[in-house]
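Each of the two complexes below includes chain A, the first together with chain B, the second together with chain C.
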Partner chain A sequence: MSEQKPTVAIGLLSGCFGCLMSFLDLADDLAEVFNLIEFRRCPFNDVRELEHVTVGMLEGALSTDHDMKLAKEMREKCDVLVSLGTCPSYGGIPGMRNFQDSKTICEDVYGRRVPDDEELPQLLPAVVTLASVVKVDYFIRGCPPTTEKIKETLVAILEGKKVPEKTRNLCVECPRTKESILTPRRGFLTQGVRSVMELDEIDPTRCFLEQGVVCMGLVTVEGCNARCLGDNMPCRGCMGPVPGVPSQGNKLIDAVATLIPSGALMFFEDSVGIAFRYTHAADESMRK
Partner chain B sequence: MEKLKISPVSRIEGEGQITIYVDDNGNIERARFQMLEFRGFEEFLKQRPIWEMPLITSKICGICPIPHHLAAVKAAEAALGVSEIPPLAIKLRKLLLDGGSIQDHALHFIYLAFPDFVFDASEVKPEKRSVIGLFKDYPDLVKKGIFLRKFGVTLAEAVGGHSIYPTTAIPGGMSRPIDEQKRTQLLDMLDEALQYAEETAKLAWKATVGLSKKYPANFSSKFMGLSRDGNCAHYDGSIVVIDEAGKVNSRFEADDYEVYIEESVERDSWGKFPFLKKQGVRDGVYRVGPMARLNIAESINGESATKWLAKYKELAGKKPNQHLFSYHLARCIELVSHLEAVGQVLQDQNITGKEVRTPVQRAAGEGVGAVEAPRGTLIHHYRCNDKGVVEYANLIVPTTHNNFALNASLAEVAEEVVKDGKLDDRGTQRMEMAVRAYDPCLSCATHAWTPDKKNGAQIKIVRTSEQEEMR
Partner chain C sequence: MNLTIISKTVTDHFSDFDFSQLEKEDREIIPVDHPLDPEAVAKIYKEKQPDRVILALPDPLGHSLKEHGKLTTLIEHQGVNPAQIAFINLNEIFITAENSDDALSRLQTQLLLAEFRLENTPQYPLEIYPPEKELILLGQPPDKGFLEYLRENKVAFQSVLDTDSGDGAGVKIIEFQGFTGNYTLDWKQDSSKKQARGCALVIFPDSLTDEQKEEVGTALRYPMLNSTFLAPDNRRSHKNGVWLVQTLKELQTALLTIKPICDGKEVTTFIESATVDPTRCGLCGTCVKTCMFNASTLDTEQQTSVVDPAKCVACGNCVTACPTQARDLPSYSNSYMHGLMQSLHGFTQADGTRLLVIACESNGYAAVNHLANEKIKVSPSCMFLQVRCGARIESFLVPVTLKAGFDGIAILICARHECRNIVGSLDLERRLNLYRSVMKANRIEPGRLRIIPVSERKLDSVPAVLNKFADYLANLESPEGSIFSL
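Then we have the complex of A and B:
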């Protein structure tokens, strides 16, 4: 028998499989990973039973009672539990369903006959974060997290190390320059809030806020290499808040209020759906 | 009543289970593929600005974010009254779609489905029945799979920014052009990718022909997919439905989908069950995806793919292929075709031109956008007010189209493999192979058709007797 390798289990909650795709994007490094660890219950093989493993990773949001059961079972059976991606860490996109209560959602979607077979999972009243239910040892942020981050964290776990925490905001990684924001002035910075599609030119070198487009980079933690900004699109905040900031969404609303005419803030068409897109479920200030 | 359960179904994208309902006499009453997750997108898409749709709906599915991104942008453009975007932007979007399909088809066939063709569950342990087990016994094949995926991902990143979170398609075009260095990088990889795709198609041919002989299947249906003048289309074209004999049953523009498709709800599934309105529940069952597209297509992009298409058509004697394992072959033929198409487009230096968008202003409107995702026809439908705020959203995803058919195929396999009310390991694998042939994507399928209260779209409740007759 060869030396016992660390074992890994992966569980899928209500997510999109994107985090696992980011893992698979290890591509040529996959062989190395296959050599380092041994997969037990995971979507890539046929193991159905969850036995005790060294590392457990959970992808997706806690949205149904099935998710809840699986999360608790994983906690019991895994020495180290990893919250993989923004979904379990902050509720992510699925957390946006908390804008409404679950009964309304079901009735709107299914009419008067909501599926109710006992084999089907039941919706939780609201999406909750993994850390609010069980103890989480490692968080990997991002929707999806970068492939490098997943690898870095896995290696750190296997070596029993901590992963250094990022502490600055995304603007430090952004290739765009700020000019008028930094120049003393009396008036507001832009005339109003616009969407990218409405700009005559999308200036690839200038901060989006100066172009009148809301960018979440200001209130989002660094770590994704500002990937959307490089593609000439504003950040939507998928990495979550800078550590220590309790509310990514409220912070953004504060920030834009100081940049654009306060009247224009009323026209910031979807302050909730943009500022709280990824963290609604985790945000205390959004509780009903 | 007894229930047999396979939970979770392995090697599929998402958490789902199979439940076989067995009556007191030991007869299979029905079999159901059930998704165990729920997200409810259509509800929270409402109240968001329509230009955010491509950015939010790409999170519906991490495996095919690109088709969602593009269906959303097409629907948004239709709603905002954008009649024309730069031709270069359309070319880029098609490339993006190709990139997504290449990585997805390679993933599905090699990583997820192939272990079934070489590892029999009555002999091989569950841990081994995986891409990792495959890597030990067939390292070359897995390396080729990795390379094909890498090509698709590199292409998707070059055009879409990120292959799992594409962001560059915006109403009016693309947020940025592609750069020359990426173009040459991809061209350098192309020959190797083409060679591997060709080998994959050969493997799929062997597997499909062998398996269909060994495990005959009787279930047959109609087929739906996009087609442009008879050519297999993914980004544009009309929706074509053919019947069991291969004759065109209907042809319509995506805008009219509500006239042709109706959906039903059943108590034992979160997913909905669409069928062709005119034919009704029993005769209106259709399938989508690679097999449907090739059954419908009279021609396909690429020289080699054209030869493959002819071979594919002969398999069923000029009639539509109906065997569920033909999905695998069709998928790999498409892999070849996508790569050939990409080669042609990338040869053209003008593809790196800068004219990729025109500005678009917000306006009230309603629009539908359809594309062919790897798993089949994907439809997005939005209505927004003059501030661009979405008031109605409806998505029909490929896995949902296939719901009736998948359950019918499962029931057929269950009849064969359930013995004395029990399932052995191989029987379980056979059931799962049926699921995998359809390649359902659960993250997609847990979004349901929202009835449009304003327009009064109807949801039909299917009676059990009708379901039984269908089987």
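Then we have the complex of A and C:
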């Protein structure tokens, strides 16, 4: 007779499945994981009933009334609830719909024939974070989180421990070098602001800000090993702000205004979308 | 226990004002005569031994340069940390309140705000050291009478750039730094480096050429204007040590502050600098680039940024810029700035247009104080809030203010070239102009935010601008589906 293994359920809110893909990237290590836990209702099997489980993971943003119902049900039926990915933790990409009210969005998308079948999920007035609705025990940040991070958190949960919190920004993990930022001098780092595609040559060794490219790494919490920076792309801030900072977007504005020409930034494509891309729904300045 | 000492002048303006209505559990009110006798305050202090003191007086911080610094110095000499003293400027009430009830309500709001601030101000570090005895003079005094006056008053001095003694040529001022009563001036004479140590720096700007003025201004990182008003502003900053003198009277005024320091056996001072939480510092370098006073460096061994207290003027720019909130400023801490709106609830819930006027401690607040001195009233929509400098205003404060129920925000800051912290006004404008695009994206009218630069010589222009803004806000309609209705 086998020992009772901890049980895991995974619920899907309004997400893209990317976090689960990152989980599946455990690949060869998956067997190890399946030895430690037993999956109940989740996308990997056809268990329909949501029974009481040890660990519940929710992926995707809380955007519809169906999401709200599932979130509350999961909280009731799980001992430990995990907010998997940036979507439930901060609202994520779906959170950007909060710039507009839901009625206008539907009209924009569907024109005059907005579907209104009662079986369809109804959009909530705004995307909200999971933690604003139910108590969350663990947060796994990232869009998607790294496979290592997911494994680390699962192991911590099974051992009944906390995951040590990260408290610094991404610059500490970034392999790029800084020079002009560290030289006290009046004047901006560059003459203008560019998107990374506009650079004739992307210097792979130098800080993006010093090349005139907005990098969210400044206002993003460490923990992803700066993979994007290593692949010659600026950070987009998917891990969210350093815990305790109430608004990632506002912090970017405050920091970057003294570094690169803000006049140019104002005309830059979409400074609002860049600054608030992943965290608009969680932004304390915007919530009542 | 919180003790509030309030000037009886309130009844000159509102005859039926009832001081006892301000009292509540944990808050004792003591009305005192006007003008305030600092000795009387010290006596009350010794007797009551409160945990914290709130001084509610007209112009308590001496923006009109009367009783400057004396009051707080006296209390600090009781061993009280500045973190335990808060001020309410009754002038703010006199220029806005419409009647006794309104005055009472505003004062209650101010008391809540002051109490909240006291709860969120950490203790300042206390430093005790012997002062330098000499004055450093920069430039040529207008006539011999100045040096004679110094000699008569037994003030020793050292001269730099004194053309009489022929050392004017080939002098290049490099840096000025230090603490109250303990400063160093570094300069180059031809190619050799020189240094003077002194208890204060007195500059005779009339003897400097425009080129020299600019050079000195740049090296001192100090805007060189023809006014001693600049000199003792912001008592808590190290710029206490720089005085611009054109007349003998101005020299006498300077000595009133300088002499007690250099004659004393030791300087007891609370030094305010930006603080760093090393656990949150990712060595991003934003503070290094942002600081105009070269007070910030990175210590890669200790894995943290470091503040040099001799150079830091506590302007708060690095605190606003720090992307992880590793930086903080004791007198305008993150916990105070992020949480203060809840104290203003009583004001924002009342009927009528509500306008928050944020004023920097320099020109901005001088303009506010000036109104009371000139007996000018402004729209009762206004509630005032002091900040160290425009540099300390985070963009986060804007939406939070609107969320708290204000209809608009006016920010009074020094005109660009007059900012004591060089780029305070400039960086504020950069940040908020960027933030306006966020307001637009969130369907909030950007016109609700207005930045009003104030020139030291045009303080009178402020009331008309504020009244006009209040009218504009009164007629502004809130669009349906605004972000705050979610």
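FYI, the second predicted complex is superposed on the first by the 282 of 288 C-alpha atoms of A that agree within 3 Å, B and C clash if a C-alpha of one lies under 4 Å from a C-alpha of the other, contacts with A are read in each partner's own complex, and residues count from 1 in each chain.
In this section, a residue touches a chain if its C-beta (ideal position, glycine included) is under 8 Å from a C-beta of that chain, and two chains touch if they have at least 3 such contacts.
Because the structure is predicted, anything quoted here is derived from the model rather than measured.
Quick check on the superposition: with chain A as the shared anchor, is it clash or fit for chain B versus chain C?
Aligned on chain A, chain B and chain C fit with no clash.
Here's one for you: vertex at chain A, rays to chain B and chain C, all C-alpha centres; what's the angle to the nearest 10 degrees?
About 150 degrees, rounded to the nearest 10.
State whether A:F99 touches chain B only (first), chain C only (second), both chains, or neither.
both
Name the contact category of A:V155: first (chain B only), second (chain C only), both, or neither.
neither
What's your read, chain B or chain C touching more residues of chain A?
The larger set of chain A residues in touch belongs to B.
Looking at A:L36 after the superposition, I want to know if it touches chain B, chain C, both of them or none. Which is it: first, second, both, neither?
So A:L36 meets neither chain B nor chain C here.
Determine the nearest approach in Å between the Cα atoms of chain B and those of chain C after overlaying the two structures.
Value for chain B versus chain C, nearest C-alpha atoms: 9 Å.
Considering each complex separately, which residues of chain A are in contact with chain B in the first and with chain C in the second?
99, 104.
Show me the residue ranges of chain A that touch chain B in the complex, using the header's touch definition.
11-22, 24-25, 27-28, 30-31, 34, 38-40, 43-48, 60-61, 63-64, 66-67, 70, 92-94, 96-97, 99-100, 104-105, 108-111, 113, 115-117, 119-121, 123, 143-144, 195-200, 202, 204, 227-228, 230-233, 236, 238, 269-270, 273-274, 277
Touching chain A in the complex: which residues of chain B?
Residue positions touching the partner: 3, 5, 7-8, 10-15, 17, 19, 32, 34, 36-40, 42-44, 47-49, 51-52, 55-56, 59-63, 65, 107, 111-112, 121, 126-133, 135, 146, 149-150, 153, 161-165, 167-168, 170-172, 175-176, 265-270, 357, 359-362, 387-389, 429, 432, 441, 443, 446, 448-451, 459, 461.
What does chain C use to touch chain A in their complex?
For chain C paired with chain A, touching residues are 279-286, 288-292, 294, 296, 298, 303, 317, 320-326, 338, 394-396, 398-400, 403, 423, 427, 430-431, 433-435, 437-438, 441-443, 481, 483-484, 486.
Can you list the residues on chain A that touch chain C in the complex?
Contact set of chain A toward chain C: 98-99, 101, 103-104, 125-126, 167-172, 178, 180-184, 186, 189, 217-219, 222, 242, 244-247, 249-255, 257-259, 262-263, 265-266, 271-272, 275-276, 284-288.
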